[in-house]
């Protein structure tokens, strides 16, 4: 295949979408996760089941939702249940294969902060808060995280632990009684990280084409490790890029702005 | 039996200063007209409950109606921050705002407990999460059968719940559909309730097992067309995404926000007058 | 994804001797065809769960399929006793039947807990009632906020749940309407599930917020027209009240019952053959 | 008004129906309670809200249901919810004004047995069991009981306490933590009984026309008390009787038998 022009954001989204297997039941966070999950649905995973916390099950939106409760999500769903039912019967019920989340801060064990930067009672930045994430990260059988990488985001220590990844590493997550297996991959605009089988510390398993280990080090707030077999991500295919761009174009027409899903 | 009345009368009669008020609607059917009317009537010291405060609570908080916010996700969906919420939390403007923060699953369960007349709900959640350190309403409970430790959260029992729905009939039976959120539970958990609707019809012509709130669990039904805009009403109108983005600018600055509230809410008689001002 | 298959194959593949089996349907949509097939395949030692055992479990118990019954109201609705159930409890015929007895509210909550993957449910109930003396699965729990003492009951987690519904589409998505009972919860609480339906259609054409079980939470979908008779399927056929009354006589006598089961179930190939025999 | 011919069963049903006030939210047991509740709806209480444990709210059945889940209940309802929701949000939720129950055995404090006659593990007669009754009798704001009177039914001591009335009398019900006020009347084919304000023991407050105190004593397994102001029940009106008989006629045509609702 010929080399194509693509942005680092597109690289990230396409890579994340590829990690979703066909037929998986995916609890989707808004923004980047929703973009990647819908790209998966429109490419290799037509049978993926998308669940949104507002209630739609099996959504097949024509455009990307701006909010977690857009009408298109309901209209294209197999069914729409109440929000309590989504959290009780479907997420806590253990029916979700993949929880697909974003993050404001992330640490080496893929624990997530979406609550505050700075002190909780005197925050430097007040973030939106927990939403569905603590229970998604707890109850989904596995978790995928998609987030743009920077040293401000990938930090040595979280200001606040909102949603558990692998807690303090090792089997500490399991010991804490969380039912799901936790994060299996973190997909950024630079690379793919996966937890070490034993320590559960994130290490880079694939670099996106053109990205160096040094680029990743500079964009990580701790001393990031690289897998011995660290490979290179496959570039987006023409078909993936076309599908993604068409989706984003339809979305911007529908929402009246340049780009949704961010 | 629900009284069919004006929104102005309903808010005057049922919402008092100091009340615990829940106004629900998960992106869909957010009761904006009712929120405006609360601002217009200058209600004060409210404890506001809402899973996603959204613009509706940004307006109420910035207008000085609230003393406390109970919530689980406080952003402008698809846009960014709620500047009035942040200004109140970070800088106590226009007055200090206490916050009590939960997860979605917690509040959803807490509404269910309220609707079920139970004092608390049990859920598998919060393990490892730091929120319980900052919110003493989140406790744990041990299963009497397995010994498993689970989270326990207190029921939500608002003084008043306010929602918007698509339809009511002339008896005051309410029908909503599409994304249902926690509205049914929020109404059933409350002591009193106000439902604004797009239209009042002779016959709901509801399909089997539709989500209906019988007239006798609702206090006031008020016909307010477009009453959920800038959010949306499935089958009636779309979400006004342009307004959601515009709000980012309007709300960023205290003076601009105050002028907006003055011109659009305080100086308008009701929601249809607001809509005329907004349309220019 | 649900497999669309014959009822005979579904029962053979998914129900094993000794399983905990829930077959729900509250008067409406009782899965009689599936009950017959379990008798036909001579399943044994089942623990049967059902809020209202009804004729379906009277047949299974009398035919010797059950070792235990978990229930909350054991009559022939509108008629009187379930004679096979009583004979098994009172005279151990055809074999001893252990019973575990609850109230409706308890079992409904226990199914909700099962569907929610919680080990137990909390309810306000059983105060003063003597059932907890005879059923050690009913405990109490104290609210960690108010200290109030409430009942705690363990979740129901069947090995297999069997229900009947009106429709499925060709992917196996199931739609039911009318009196919904606890069927959704019973399916979601179970490890495996079988759904018999009146018909399989191209498109469910479901209305908003209809009660749908997505294909991927169901193991087998089997098209069995009239599969709920003598109970009823809303929109398809009425309850056969004459049969319910006739059952009183058929089931009163062991020999007559045994002959009925032999002729109508054991000696018929499937439910449509049963219906032909019944029609004479 | 002229004296009309009516049966004792009709007297009982009409009297019970009159106790239901218009607009009350009534949780209806099958059989006699359902007959009386629907008669009330068709006579003086058109706005009564009938809830059945199978899920219908606001049912207005054309004929009496044979079972608690008849299709007519669903078709004529304002809405039909799931059975868990009925018990959780509506009954336990405290939204039911009147629980309308039958009984197999009843004691002087209006406690009810519908479980067994004889020993629980070696029953003489195995009755259907609890069904919804324990929580109806607990959570409904008040309870009405309709039952045919005999010394076998009105017993000194219950073989099994299924559903609490006034427990051991006095404030023992309240002490046990039951939220509702408990039974306010027991309507039989002979008389109406009400609990004493203090002791909560049932005493006869009205005798049906032609019934003597002795008739009631013979049909009661304990030494039944009579109110000092014990009066006589008003006879059924022509309109009540016509409505009841029409209802029962429609029912028997629909169900193909002489009389339903018994």
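Which chain is which? They are A, B, C and D, in the order written, and residues in each are numbered from 1.
The criterion applied here is as follows: a contact is a pair of C-beta atoms (placed from the backbone, for glycine too) under 8 Å apart; a residue touches a chain by one contact, two chains touch by 3 or more.
This one's a predicted model, so the numbers in the text were calculated from it and none came from an experiment.
Peer 1: If you tally contacting C-beta pairs, which comes out ahead, C-D or A-C? Let me know.
Peer 2: The greater number of contacts lies at C-D.
Peer 1: How many angstrom lie between the centres of subunit B and subunit D, each centre taken as the mean Cα position?
Peer 2: 41
Peer 1: Taking each chain's centre as the mean of its CA atoms, how far is subunit C from subunit D in angstrom?
Peer 2: About 28 Å, centre to centre.
Peer 1: Could you list the positions in subunit B whose residues touch two or more of the other chains?
Peer 2: Correct list: 112, 117-118, 123-124, 148, 178, 180, 184-185, 208-211, 234.
Peer 1: Subunit A: which residues touch two or more other chains?
Peer 2: 74, 80-81, 88, 92, 139, 179
Peer 1: Chain pairs that touch, all of them, please.
Peer 2: Per the contact definition above, the touching pairs are A-B, A-C, B-C, B-D, C-D.
Peer 1: Mind pulling up the subunit B residues that touch subunit A in the complex?
Peer 2: Its residues touching subunit A are 26-28, 51-52, 71-75, 77-78, 81, 85-86, 89-90, 101-105, 108-109, 111-112, 123-131, 134, 148-149, 178-182, 184-185, 211, 232, 234, 238-239, 241-242, 244-245.
Peer 1: Which of the residues in subunit B end up touching subunit D in this complex?
Peer 2: Contacts found on subunit B: 1, 112, 115-118, 173, 184-185, 188, 206, 208-212, 214, 216-217.
Peer 1: Inside the complex, what are the residues of subunit A that reach subunit C?
Peer 2: Touching subunit C from subunit A are residues 23, 25, 47, 49, 57-58, 74, 78-81, 88-89, 92-95, 139, 179.
Peer 1: Show which residues of subunit B lie in contact with subunit C when the two form their complex.
Peer 2: So the residues of subunit B in touch with subunit C come to 117-120, 122-124, 137, 139-141, 143-146, 148, 150, 152, 154, 177-178, 180, 207-211, 234.
Peer 1: Under the stated contact criterion, what part of subunit A meets subunit B in this complex?
Peer 2: 30-31, 53-56, 65-71, 73-75, 80-84, 86-88, 91-92, 111, 115, 120-121, 123, 126-135, 138-139, 160-164, 167, 173, 176-179, 255-257, 260
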